[in-house]
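Dropping the structure in here first, questions after.
In this document, chain identifiers A, B, C, D and E correspond to the written order of the chains, with residue numbering beginning at 1 in each.
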Amino acid sequence: MSEQQTIAPSPAPVTPSAAMIRTLGIVASICGALIVSAYQITLEPVAANKKIALERAVFKVIPGAASVTEYLATPGGIQLGSDTVPAGAVKFYAAYDQAGALKGIAAEGAAKGYADVVRVLYAYSPEKQAITGVGVISMRETPGIGDKIYTDKNYLKNFEALDVRLSADLKSLANAVKVVKHGTKKNPWEIDAIAGATVTSKAVGRGINESAQKLLPLLVPHVDNVSRPSGRQSP
Amino acid sequence: MSESLSSIFIGTLLANNFVLAMFLGLCPFLGVSSRLNTAVPMGAATTFVMVVASLCAYGLNWLVGQFHMEFLRLISYIVIIASAVQLVEMFLKKNSPALFRALGIYLPLITTNCAVLGVALFQTAREYSFLQALTFATAGGAGFTLALVLMAGVRERLNFSTVPQVVQGTALSLMLAGLLSLIFMGFAGLGASAE
Amino acid sequence: MRERIELRTAPHIVQGNSVERIMLHVVLALLPIAGFSVWQYGISAMALILTVTLTCVATERLMNHLMGTPNSLTDWSATITGLLLALTLPPAFPLWMAVIAAIAAIVLGKFLFGGIGNNIFNPALVGRAFVQAAFPVSISTWAPAFSSHRFSEFIPTTLTLPLMTPPDISVWAKQALDGFTGATPLARWKFENVLATPHDFLTGAVTASAGETSAILILLGGLYLAARRFLDWRIPVAVLLSAALTAWAFQLYNPVRFPDPLFVMLSGGLLIGAIFMATDMATSPVTPKGVWIYGALIGVVTVIIRYFGGLTEGVMYAILIGNALAPLIDQVTRPRVFGEIKVKKS
Amino acid sequence: MSLPGQAVPSLMEEFLEGIWKQNPVFVMVLGMCPTLAVTVSAMNAVSMGLATAFVLVTSCLLISLVRNIVPSEVRIATYILIIATFVTVVDYAIQAISLAMYDALGAFIQLIVVNCIILGRAEAHAAKNPPMKATINAVGMGIGFTIGLFALGSVREIFGAGKLFGISLFGPDFQPWVVMVLPPGGFFVLGGWLLLFNWLKSRTPPAPAGVKVSEGHAHV
Amino acid sequence: MNFLPFFRRKTFARGIHPAGNKSTAGMPIRRMPFAPRMILPLAQHIGKPAVPIVRPGEEVVRGQPIARADGLMSLPLHAPADGVIEAIELKPSARGPWVNAIVLRVYEASTQEVRWATPPDVDALTPQEIVAAIQAAGIAGMGGAAFPAHVKLTPPKGTVIDTLIINGAECEPFLTCDHRVMLEYPQDVIRGIQLAMRACGAPRAIIGIEDNKLDAVEMLNRHAPADGRIRAEAVATKYPQGAAETLIYALTGREVPIGARSSAVGVLMNNVMTMAYIGRLIPAGEGVIERVVTVAGPSVVRPGNYLVSLGTPMRSLIEYAGAQGNEKQIILGGPMMGEAVASLDVPIVKGASGVLVMPEREIARRVYPCIKCGECVSVCPKGLNPSMLGMLAARREYDVMAEQFFIGECFECGSCSYVCPSHIPLVQQFRVAKGILKERAAA
């Protein structure tokens, strides 16, 4: 350990400021050129990768889908998705089958789990007004315990038809999605927690509830706008 | 996702401790933890720089977003951290020479402390709000200090032990860090189930 | 009158206490608890206790050999580590994992630091924390107490082949004991809001680690050791008192959500932890004030982990955290030296 | 690094230095944040090692090229700028190659910027040596770092998942040691490797002369 | 007002309770016959050794001065019997090194009569004259330290002494000589205290006696003058109650600050037997030639309190008291702080309060690493951390011991070693450390 060894410049002969600025300028321009060219070159492959990853995730929760379109649900209506998400807007994905019919809506939910944030993608069926599937995007939960949220069949059954109907005023869910203690599920809007992995299974429920409470009131009134694929559509 | 401030604080301080669970700031953790009287100022200085860096990074991220120049984010973060450290150093030198002397040798080291850059990068990745970022940085620094102080206490006591020759040095520090990390797993979930 | 006289330095009389005597009495106090767990869980518990203890002793001897240190089996500390570790494991724990736990306890917990007296953390708890992190599923797989065939057959997981995943025992457990839930009282409280009664705890009719449920025997052992000054009575008193007070405060705040202090004291490993593990001399503070702070800290952290953490049980981690803080506590609570009046802080 | 008064090391020695004598992971114990954080599997470890090696080699080359025109007052700033540039390049490159890998390595790719090895090499070697020598030395260091990471990642993957590079070694019934892929496992495995080296060193008689291996680890 | 003493026995914090073993307390003091040869070391006290004023071959009578004090921090020696000076040569001392001693061959016809005395007019003496008389009598602290008594009774310039404390605690196990002296010579004790009070100007004196000797408390209070300026008080039976700081604290509640002497809190302290000898010898104008010694220990046949002439070798003493044959160790002083003697030629000196003959210890005591049980911390009367000090000593970090852990405050009472379950020789390590620190300070 050499605490004393600092990076403070040693008292060398003073270099004129102009020289310093010139050198830094040269180096900075080289670096700038490198970064920008790297960015430009990788722009397309990265976008393609992201698209593939997104589709793979969406197709997993919405079986039978063949294409995905990104949208934003805003208080002013539905827009096509963009990179930046304005305040109050929620990003969601519409999935279509070969024929171009809407197969379902997918959106992300996230909540703090046991170790870190658990991010899930859930499928919403506008006709059933229910969640019809869920997949994990990322998590750092304890292997063997936390991963039950995608291996435990009984738990996954919760999401085959999870009721997320809106209340009469279309402002919020009629019944908040709730995770209940293992073995006490009574209502279709409840999720039966996994015994022994309660924290993680609760996080999934909380993430979905939080996201659905925001997304669905914006989406449901205008859901017809996305019934057909439009604009930026994947081949 | 709206994470509560208390949840961020407790989680970052204990369960997701920067050093013991996220492997950030390991070099100073292993290097400056042999004595308590250097561990505490080091922790304090790092925490301070982390908060400053977090605030700067928050503003910078907004700026970068305005101009759609995400590719400059990393480079601007590291520049701003290096400048922040320099500024802190100058400020202290002028206004609190005593504190400057106490922290002097650590300040330049903080530039290459990955916990500082880590705060900036993680708060960006998690899209924290201003207050969340501030809490995150404070808790991260406090957690770093906590780990440093615990380690220093233990190592000072081990000075009197008959630690076998093969274990001494960095190997022992790593094993100790592993044990502390194992212990901090007990905090897992704290702050998570705050409903 | 012999001319050969011996020269020793003062003092020429001693109390007659010794490390091996202290340790031997701790072993004796642990034996009834081990016996009770064998009565509860049958030959699986017996196999677990023997395997862990023998592995600890063998590892200790091997490490003596490797490190070139004198044989330290006679001080009984490895035996204590083994017994304590076995008593904190679930009775259905696969034996091969128990061996790993024992090796981790002795090597990581003890010899890394130079053997007896030098360790920072309680070795038994290091062993348990290691397998808790390594095998989170197995360490939370519980077997029913007082199943009818417990003396004639092993719990199916006990004899799992080394390195292999143990079988699912839920079906077996339900057959072995009707209405078995597979959860400890703490887990049942935390996840199902079902409170066990003090009667359940005292009779051992609950699901738990091998040595957690014999509250009376643990208390008796503790009283014996404390009366003979083989353990510092202040530590268990501080731990239990602070846990009870914290639990009581929470219960006042919200009686529906939080259980009563008695449940907190009897459930899980709080008793055995407070009496047999927090009191480990090498890993607890030496100063009189420090001992109280240390104990109180363990009690509070236990309750907080139990109430708000992801784990159902916090005693083990609370004690380890106490261990990690002990050197600092000692520094902060240095007693005032006689005549140290208005001493200038340098 | 060469000590004053010593014979000038040959290119081969320059190359081998980082692989064995001054291995950044096992001897200098530098750059531990990525060393421990991303080595949960052999694949991640090797990817991270190669990414770091790329940044190391390219930035050492560039720094060596500009070493004579950079005034000493701004040299650190220049080095950081150059390193950050190449890290950004690598960051995009990995995103383009495999998004899954990018997610697995997370923020630690960007944290290569503050990896002590790179700045340390830049300051201690590249800034004082011609491009050829600097590059060769950096390549050696990069390979050494990758080997170190692989040593960690393979052990952690074997115990933590029963696999190596995703290939199952013990059959489907293997019980993973979860602790190995958790943070404590990282510390224990690196600590274990160092113990092993210490033990081997203690068994062999001390080398007669030559470069004295510095105890502990240096900061830059 | 401090009411606490009414509810609590007077004592200090921490300490230990070793078994008393005071079976000799009931045995009256008996005179021991002269040994054929007496060895009189010139330095029986702390300070400069005495200077011989006799030559080999010279005949002396009992009570005759044979060496003079060499300055203020020194004491004279007196011949303990009629006889002839055989030699002035090096002889073994209790601590081991050989020291200069006057060897006296005793005439078999020597009587018990003291034949050299110059009685002064006691009532007319000024304080300075009392101090001078005490020095001339050769009286050293008889509790064990052997600090010249006249120096101990001279308050440093500028300090006012309000209390003279007389140490009758006798907290060491086995020892009962002070107890017997208090019971058998109460008038001497009181007279000595009165002289001492006059010498140092203290208006009152308190005799502190452990409460296992309540008969002595009662005896002394009965003989104390009616003005109440001298009183005996019981303190708790606890080791080390008889150390200066602990006894002063127990009796007055005053704490002597680190590095200061007891006079800083207005107190002087002296041993009770010293007082008895002052009270007996000053009026008679005689010198110290004998003292009461407890001979005890499991290996002694006839334990008891003996009036032994100074210079009597251990060999003669033990032959007289009888040894059981299993003796392994001879201790000069008490079992907690006494010295194991290296040779049977070591004589009884002014500070020798007891001779203990100990058998071999039954079990081998294996030394373990410190297990941090904290027993030593909970018994150290000075509030030190012997566990930490021991570890520091093992690593030779003597400066840290002195600067951060107050090793200088340790007075080697032995409580820590007594309780240590790991059998670490703590006191021994501390002695070495203190010795080295002293050397460094001198260098």
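We take it that a residue touches a chain if its C-beta (ideal position, glycine included) is under 8 Å from a C-beta of that chain, and two chains touch if they have at least 3 such contacts.
Since we're looking at a predicted model, the values are computed, not measured.
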Message: Moving step by step between touching chains, how few steps can get you from chain C to chain E?
response: 1
Task: Find out how few touching-chain steps suffice to connect chain A with chain B.
output: 1
- line: Of all chains shown, smallest offset between own Cα centre and global Cα centre goes to C
Field: Farthest chain relative to chain D (centres taken as mean CA coordinates)
entry: E
Identity of the chain that, by mean CA position, is farthest from chain C: E
- line: Cα centroid separation, chain B vs chain E, in Å, comes to 61
Between chain A and chain E, centroid-to-centroid distance (C-alpha), Å: 85
Message: With centres defined as the mean C-alpha position, give me the chain A-chain D separation in Å.
response: 33
Task: Between chain C and chain D, tell me the centre distance in angstrom, where each centre is the average of that chain's C-alpha atoms.
output: 41
In chain D, residues with contacts to at least two other chains: 76-77, 81, 84-85, 88, 92, 178-179, 182, 184-185, 188, 216-217, 219-220
Where chain E touches two or more other chains at once, by residue number: 369, 388
For chain C, residues that touch 2 or more chains besides their own: 108, 114-115, 118, 130, 133, 135-136, 310
Task: Spell out all pairs of chains that touch, sorted by label.
output: A-B, A-C, A-D, B-C, B-D, B-E, C-D, C-E
- line: Interface with chain A, chain B side, in the complex: residues 1-3, 7, 11, 15-16, 21, 31-32, 34, 38, 65, 71-72, 75, 105-106, 108-109, 111, 126, 188-189, 191-193, 195
Message: If we count contacts the way the header does, which residues on chain C are in touch with chain E in the complex?
response: 1-3, 5-15, 17-22, 75, 114-118, 232, 281-288, 291, 334-341, 343
Task: Over in the complex, which chain A residues touch chain C? Could you list them?
output: 114, 142-145, 181-183, 193, 195-196, 198-199
Task: Sort out for me which residues of chain D touch chain C in the complex.
output: 170, 173-175, 177-180, 182, 184-185, 188
Query: Which residues, counting only chain C, touch chain D once they are in their complex?
result: 97, 108, 130, 133-136, 138, 160, 163-166
